[in-house]
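Both complexes below contain subunit A, partnered by subunit B and then by subunit C.
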Partner chain A sequence: MSGGTEPSAETLTALYDILETFNKTGAAFAPGTRFSEDLNFDSLVVMEFVAVVEDAFDISIPLNILPDIATIKDLAVAVEKIVAE
Partner chain B sequence: MQHAPDAAPVLRPTPSDTPSLPKRLADFATLSEALDYAGKSDTGFNFYSARGELEKVLPFRDLRDQAASHARRLAAAGLKPGDRVALLAATAPEFLILFFACQYAGLIPVPMPLPTAFGRREAYIDQIKGQMLSSGARMALGPAEFLPFVHEAAAGLPIQLIGTLADVAALPEGNGELRPGGTDDLSYIQYSSGSTRFPMGVMVTHKSLLANCHAMNKYGIDNRPGERAMSWLPFFHDMGLVGFMLGGVTSQSSIDYLSTEDFARRPLTWLKIISDNGASLSYAPSFGYELCARRVSNMAEGALDLDLSKWRVAGIGGEMIKPKVMQAFAAAFKPYGFSDKAFCASYGLAESTLAVSFAPVGTGIKADHVDKAALEAHRADPVAESEGRTFVSCGRVLPAHSVEVRDEAGAVLGARQVGRVFVAGPSIMQGYFNSPAETAECLQNGWLDTGDLGYWLDDEIVIVGRAKDMMIINGRNVWPQDIEWTVEHIDGLKSGDSAAILLADADGVERPTILVQCRPSDPAERARVAADVRARVQEAVGIACDVVLVPARSLPKTTSGKLARGRAKTMFIAGAIPVLPATPPAA
Partner chain C sequence: MAALFDRFAPLMAQRDAMLGDGGVNPFKVKMDQVLSQTEAIIAGRHTILVGTNNYLGLTFAPEALKAAHDALEACGTGTTGSRVANGTYHGHKELEDALCDFFGKEHAMVFSTGFLANLGILSTLMGPEDYILMDADCHASIYDGVRGSSAQIIRFKHNDAGDLDKRLGRLADKPGNKLIVIEGIYSMLGDKAPLAEIVAVKKKYENVYLLSDEAHSVGVLGKYGRGLPEEVGCEDDVDFIVGTFSKSVGTVGGFCVSNHPDFDTLRLVTRAYIFTASLPPSVVASATVNLGLVRNGGALRKRLMRNAQHLHAGLTALGLKVASENSPVVAVVTPDPQVALMFWRGLIEAGVYVNLALPPATPYGYSLLRASLCAAHTEEQLDKVIAIFAEVAAKVGVIAPVESLPVRKRSAVA
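For the complex of A and B:
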């Protein structure tokens, strides 16, 4: 999903803020930070995190896009796309 | 969620009872016969949103009519009786219509999982490809948004149609004949928690399914008129498929659904729906209760508007039951009318359709504390709570079913002796699909080797772990769970970070080895982690073991999130799990 689109700094910052409460590995956040490998998110944490992101952006994130979201940037792009729709 | 509701008439959930129709508890010969009968009721399925709003209603009578119509189309499309149809098991009416269409057409549905994790596309594709390949599926059906995954996974497989319910509805209806399977035909194939590379499809006949649903409803949960169930368990798991879907249809009980992913996002919606509809039955693995208890832990008492007083059977199954977690849940929800007497521990596995034993309803959790040292000598000697390991009784074996606890030589053991648990009876699977060798390994003379270890506590069975995982080290039985528990309480490590296995060295001598997921990237730091693990295991469990550091998230898990220990071992031996280099600190 890491295509040509670049997410805005606001979206990234908002996601970093949310991620802070889920960050158990002490990893630093960057657009390329990976949820599985770097943040060690298991599927329960993923869903809990998704719920908070949904509330923050007032959107609904469909399940079928999750497998293609590997990094924070991927998620930011997806969130902006859903918000725009 | 942002859309205004349609101005259509207000949706109403199906009632909990049909006064004019006597309740029958799964005393049918086939599943299609069960749905024919449920189709005379007013009860059915109700689907709720993540916020607990009713979105779709599917009365059993509509399910019957739609399933029959789609069955004719599947038959007319050239599918032969016994052909397999892979179904992406979303918590939605479409899955149920297609699952029962298969029943009316004599086809065998194969429920497949949905993706639930970030960035795991390849693992997911491999998983569903393995299931379609193993089952020899002729069609693969599911919601449109997931079909791109199916197309990718099905590349090269002889599948004639990949599509949605609407695509099936668009097929011609043909001559209109239904051809439901008979009582000895397969009703479905379920891929349980087997590995991705070697998936094992459990074959269940109508007769076994109905036998299990009957025993479960009548003797397990004591299903009564007016019973109402609530479930968020996925249809691709035995507990969700049998316990809380087929168990409901075969007993004409209404079920309210929250999708699994919505539950994971908003676990308290589970309880809201139970409260709103006065549900009396709901099941979950321990972690479901844990999630809810965690969510309310920082709320003021009484902050939620819930009435859980009608929740009569709060079932627990699917993983080792953690008494502390259950106590925390009971304490958190007591102010809302929840009674800890509602807890009902049970034991089961897909290979026995679902249920094997149930604790008596209304009695709550019965914990048993046993001596750790004696456990290693195959005895479950009672001790004071503070000194022992705590297990939960899974209750009495269902009527018409038998359980034996056997030692390694096959001798039947008595009370408080730990051995392998074998099950016989009408619910036992026919075998693993197309896998005679694996079937013969676990199914002999009608007895199923569950691979679980347990002991008798009076007439109740207690499960203590998986036999296949148990390690014998210098004559001592060591439970890998104990080693992992120790490792995962080291700072910087967490639950699921380790897998304790036996690995043969160059001389064929088996050595206890711990695979540890390691996050630090500095080699010296890694070496410190390895040394910590070795020291703590030596200290706590009393064994010397090899420590192998592996990357974060490289250890395989079952679909329910448990460590797939056996698979970890196979993958490690096959070189599929990379080893992280660690430099020992200079001496």
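For the complex of A and C:
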């Protein structure tokens, strides 16, 4: 999903803050950090994490877009798009 | 190039590590001989079954056995065809009429399993402009069903009408139809949906429909066994009820009932209905007969709930943490998968079968010993089950208090 749009630093920082509580690998966060490969998120963790992100931004993230979200940047872009709608 | 099954290697390694090199494999239980609704021979051992979802114990109802035998003789072992081709016999129509009659609805569709009913209905009902709002703890068949839908799929927090309200509110200015998907009783922990609250939220918005999967509640809840909507008194507010014949009805098959005037359209567009063979006539006949027994099963429901309360009280008294009260599902929460497996092995070796339910198939990542009750259980059987739980728990050492169940934060209903 990584494309032309660059997410804002605020959105990324907010996601990093949420990710702290889910990160069991100790990996540092960057826009290109991948949920599955770098953070070892399994389907259960993804679901719990998405629920917290939804609460934090007061949005609903459709399940349909999850397969296209590989990195933190992908998620940040998607979140901003939903917030803007 | 990765080998075909490589991506499952971590899961298989996890399984092997958990199973170790000895003990009964919980994924390979075989019933060598079924003795009754509540007993079987497993690995040469006489075993009490407390995990079959056979809530009313109708699998050996004489009336249903006779109807099944008669249909088998008259119509053969299978239909060899789809409902829309050569696979609709008079029995299939009679079963659909019986379902309409049972639920007091205008339309009914019979599927080959409950899983297929969810898969078919949920993948078909809503279109690209629409939204499906599903409870996060819904069954795998619901997840697979919505995955096949072209609608936007949104999850709301389990049993949280306030969260649903918030999410419907965000969609209020979107033109598409919305479908709320819940279950009457959630299978793993046996907890009920807050149906009255969900109906109240539904009524706040336009173009919102409600579908409830009553797989575990038909036969169990309501004076006539019509499930949670009957118990709560809001049957007219539930637009679609999906269910199964493989639990209280004691055979196999699935269905959907509705009053929607265009419901029959689904017969021509639902792939899981069209492109699969229909149920064999003997199954259809036993389902039809058992549906009548379910309706008149008030006494069975009383026995079922008495049994559930007995087991719940007995296990709670042992210091075990049991998830839901007043539910035909009695799920014991254990500290982790390894303890759950040791406990489960202790039970099966002592002649008690329950379901071992592990994450990710469980909510909250729980490792569960999931018991489900049957109206046919006797008090003696259940006392024996409780005594064996006590022995095994002492041996495994899990009586040490399990942490209390986490309480999920709830949003208030606005």
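Operating definition for what follows: the second predicted complex is superposed on the first by the 85 of 85 C-alpha atoms of A that agree within 3 Å, B and C clash if a C-alpha of one lies under 4 Å from a C-alpha of the other, contacts with A are read in each partner's own complex, and residues count from 1 in each chain.
As a working rule, a residue touches a chain if its C-beta (ideal position, glycine included) is under 8 Å from a C-beta of that chain, and two chains touch if they have at least 3 such contacts.
Quick caveat: nothing in here was measured; it's all calculated off a predicted structure.
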item: Chain touching more of subunit A, residue-wise (subunit B, subunit C); value: B
item: Subunit B versus subunit C as contact partner of A:Phe35, first or second or both or neither; value: first
item: Contacts of A:Pro62 with subunit B and subunit C, given as first, second, both or neither; value: both
item: Touched partner set for A:Met47, first subunit B, second subunit C, both or neither; value: both
item: Interface residues of subunit A shared between complexes with subunit B and subunit C; value: 42-44, 47, 51, 58-60, 62-64
item: In the complex, subunit A residues that touch subunit B; value: 24-25, 34-38, 40-44, 46-48, 50-51, 54, 58-60, 62-64, 66-71, 74-75
item: Complex contact set, residues of subunit C against subunit A; value: 136, 146-147, 152-155, 157, 166-167, 170-171, 359-360, 365
item: In the complex, subunit A residues that touch subunit C; value: 42-44, 47, 51, 58-64
item: Interfacial residue positions of subunit B with respect to subunit A in the complex; value: 1-2, 50, 114-121, 124, 145-146, 148-149, 261, 264-266, 287, 291, 494, 496, 517, 519, 551-553, 557, 561
